[in-house]
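Structures are listed in the sections that come next.
What follows is a pair of complexes built around chain A, which joins chain B in one and chain C in the other.
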Partner chain A sequence: MTTVLQSRGLGKRYRQRWALTDCTLSVPAGHVVGLVGPNGAGKTTLLNLATGLLAPTTGTIEVLGGVPASSPAQLARVGFVAQDTPTYAGLSVADHLRLGAHMNPGWDAALARERIGRLDLDPAQRAGKLSGGQRAQLALTLAIAKRPRLLILDEPIASLDPLARREFLQSLMEFTAGGQVNVIMSSHLVADLERVGDYLIVLVDSRVRVAGEVEDLLATHHLLTGPRRDPATWPADWRVISASHTDRQTTLLVRTCSPIDDPAWVVEQIGLEDLVLAYMSHTPDPASNGAPALEVQR
Partner chain B sequence: MIEFHLDGRSGVAPYLQIIQQVRQALRLGTLSVGDQLPTVKDVVATLAINPNTVLKAYRELEYEGLAAARPGVGTFVTATLGDGSLAAHGPLRRDLERWLAKARRAGLDDDSIEALYRDTFRAAAKEEAL
Partner chain C sequence: MIWLTWRQFRAQAIVAAAALAVIAIALAVTGAHLAHLYDISGIAACQAHSDCGTLTNSFMNQVKASPTYKALYDGGVAILYAVPAIIGVFWGAPLVTREIEAGTFRLAWNQSVTRTRWLVVKLGLIGLAAMATAGLLSLMIGWWASPVDHALALPQGRNGTSGINRFAPLLFSARGITPLGYAAFAFALGVTIGVLIRRTVPAMAVTLAAFIGVLITISLWIRPHLITPLHAISALNAANIEGVTSGTGSGSPMTVTAAVHLPGAAWVLSNQSITASGHVFTGPATNACTTGSIQQCNAHIGSLHLRQLVTYQPAVRYWAFQWYETAIFLALALALAGFCVWWIRRRRLS
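And then the complex of A and B:
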């Protein structure tokens, strides 16, 4: 198995509105995938399609080589923590573990107990009385103890305070260090994703804007500043992600695999957060083959 | 055993920060031949970073001949960077401390001290190269 998630022309429509359009992805195995995008971009829809909670309107999606939720074996291979890490408020921590053991054939009871002990959670405590961070850790424990091959998490840390967020990510990374596990996690928090993720998908307006290994993305995107120039003179293999001009100067974010050898450009590397923001804030103009329309600033 | 830390705002890639910290520890003698580096699991559980980041740093250290992985056990230091000069560190550090005290008495602040040091270092390096 070399791909964790493969989709072709995947789309989902709710009545009149398309939540996800023409999504074609091929995510290789062995990564912690960060899924980023503004609210309403379609992140939750994509994750729900991957778990099988939703059925596609168009196209196909395969997860770990199988159709989502198509068999008990497929269900056992995918762990899912839904948005805001839900738990059953009226059930105790121990009840949650019993429930997990009952519903998952591959349940690792020792791992679950060990984690609950290390997190210092009282087994008799009701989930409704736990703090946000503890509840998130409980939800993560349930998902981890079923020993999935793929763990899908929808905005697990958005509502946590910085300490709980760090602790959650520590637990998650410790789990992935065990090997043979893939993670897909959506988040607004690019700085956190930058630490834990090594593959990135940027979703804007129900479309995938960019996807790839973080290292490749950082190596092939360059921030250029130079004297104002006619776009017609830019090399043909440049993909211009964003462009702004003053009457004298041009600033570009360019994606290219070839070196920038024109000395008129000052070349700077770009951080992941700026890269994501550039993709989020510049919608491509379909007429210009993916290159955004020029914005003139004076 | 050493412990790694990450500066999220430094702009230096996390795997490079780990390599730099190992090299630094080797230079200062905090780590020496035979010492074990923190396990990947320990590093990711402390720093909340991707395991591949740590693996990449350790692979690079192996490539440089500074460390070697023993499968199932961990990664161990196989060479050091300080070697013969380590004994001289103590006296040199004391000289430097005296110099720093002198610079402060002369009214230099942190930035000025750093700038002066860096400028002198660069000028000396240039002279040596000639």
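And then the complex of A and C:
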């Protein structure tokens, strides 16, 4: 198994609106993948396609080599924590664990019990009476205890307070530290993904803008400051992500694999959050060396 | 999946069981005495000396004199109409919509059970529970009301009481095995409408309206033709005229009906008088009937040599009709269930 998610020309249309267009992705195994993008960019659509809750309008998607939700075995391989972490309000915490045990052949009852005990959740408590953080933890427990090979989380922490958010991420990291599990987690908060993720997909306006390992992304993106010059003089292998100009000075975010030799440029490393923001705030330009006039939003 | 279905259905099952128990107790407590009244009425043996009308009349008067019996008899009919509708509205319609509204289908459909199986198990188990509930109710209410139903199924004669027999449209749907078919159908209808509308309250309202519409359509326009009706033609004379309606003036339209004498509880579809040439008699009224006495009018009608044409389904066809009707509704229920499964597989809901 070399890829956990492979999509070709994947698209999804709701009536007149395309929620995802021409999404071609190949996510290698062994990563905690952060899926980031502004609200409405298509993150939930992509994840719902990956879990088989949605069927694609165009293109194909394979998860762990199989068609999403096509068989009980495929369902058993993928754990999913949906947006807003839905649980049955009328069912108790213990009922949810029973649900998991009855509906998943690979259910790890000991793991589920141990997690619920450690989280200090009362098994007799109805899920409807839990706090948002507790409910998210319950949903995560259900998804983890079925022992999936891929865990998909759709903005699990978006509505949580900072403490609950940290505890949730803590739980997730404990789980991924065990290895052998792939995670895809969406969020519109880069900082959260930066803590747990080592692979990033940036989705903007229903299109994939950039995807790759965080280390590679940071190593190949450079923030350059230098005297204002004609863009035609920039090296051909530069991909300019963003550019801003003053009268005499130019600031560029450039993606390139070759080193920056020209001493006229002051080279700075860019943080992941700034990198993502640069991708989010600039619409793609057909000309690879084009210089969009937008400022980097801070 | 069976466990989850039961766990989510548990509260509704308990309500249904409690309601069944209350109804069973009420029927058991009063049913024995009603059966006793029937036994001592002599109706059971009346056909030997064919004076059933008088015996039935006195028995029915006893029954009608008791507010409890009247309420239970009418209530039983009402319950057997209401229960399939309630099942459709409260078990069927919310089955999928509440999962959509709460977003919990995303939880359920990501366990290691395909959504097809999820739906098939739910439809199957709750559908069976719906049929069992309606079947038990029909059995209990049918047992309780059997003395009255038996009495009304007998040839009534001139002194007979007017009542609705079990083959007549109103009672047909509240007796025998038809409630079972209605319950299965109403449940599947509710689920289907829920799947299409996706919101609980509108789905409940549409389910109720659609169920009533289908029931009326079937009983008024389809059921009478399930088997070709029979015709009975007999002479119409002054002695067996039952009703005369006419305008006030000489020459105005007039219709004549005669008493129907058919064995057992037949379902009379129409009762007309026809002329010697075979046309339906529509008048004209003569002075004998507009200004004369009843005897004069009857004598006049007798001289017209009219015949009575009764179109009917004979009593022996009762169970054939019960099975046909139940089969139709079960087939509709299966078709709707199949549609729901197909729809959920194809549309994936979100």
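FYI, the second predicted complex is superposed on the first by the 286 of 298 C-alpha atoms of A that agree within 3 Å, B and C clash if a C-alpha of one lies under 4 Å from a C-alpha of the other, contacts with A are read in each partner's own complex, and residues count from 1 in each chain.
The rule is short, and it goes like this: a contact is a pair of C-beta atoms (placed from the backbone, for glycine too) under 8 Å apart; a residue touches a chain by one contact, two chains touch by 3 or more.
All figures in this text were calculated on a predicted structure; none of them were measured in a lab.
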Query: Is this a clash or a fit when chain B and chain C both end up on chain A?
result: fit
Message: Tell me which partner touches more residues of chain A in the superposed arrangement, chain B or chain C.
response: C
Statement: Once both structures are overlaid, the C-alpha centre of chain A sees chain B and chain C separated by an angle, to the nearest 10 degrees, of 140
- prompt: After superposition on the shared chain, which partner residues are touched by A:Arg195: those of chain B (first), chain C (second), both, or neither?
  reply: first
Query: Touching A:Glu174, do we find chain B (first), chain C (second), both, or neither?
result: first
Query: Looking at the overlay, what does A:Val32 touch: chain B (first), chain C (second), both, or neither?
result: first
Task: Please work out whether A:Leu54 is in contact with chain B alone, chain C alone, both, or neither, and reply first, second, both or neither.
output: second
- request: Could you tell me if A:Ala76 is touching chain B, chain C, both of them or neither one (first, second, both, neither)?
  value: second
Query: After lining up the shared chain so the two structures overlap, which partner does A:Gly9 touch, if you call chain B first and chain C second: first, second, both or neither?
result: neither
Message: A:Gly40 in the overlay: touching chain B, chain C, both, or neither? Say first, second, both or neither.
response: neither
- line: The superposition places the nearest Cα atoms of chain B and chain C at a distance, in Å, of 25
Task: Mind sorting out which residues of chain A both chain B and chain C touch, each in its own complex?
output: none
- line: Note: in the complex, chain A contacts chain B through residues 30-32, 166, 169-174, 176-178, 191, 194-198, 271
Interface residues, chain A side, partner chain C - complex: 48, 51-55, 69, 71-73, 75-76, 78-80, 82-84, 86-91, 95, 98-100, 102-106, 139, 142-143, 146
Message: Per the contact definition, I'd like the list of chain C residues that touch chain A in the complex.
response: 1-4, 7-8, 11, 102-104, 106-107, 109-115, 117, 346, 348-350
Query: Across the complex, what residues on chain B touch chain A?
result: 6, 8, 11, 14, 40-41, 44-53
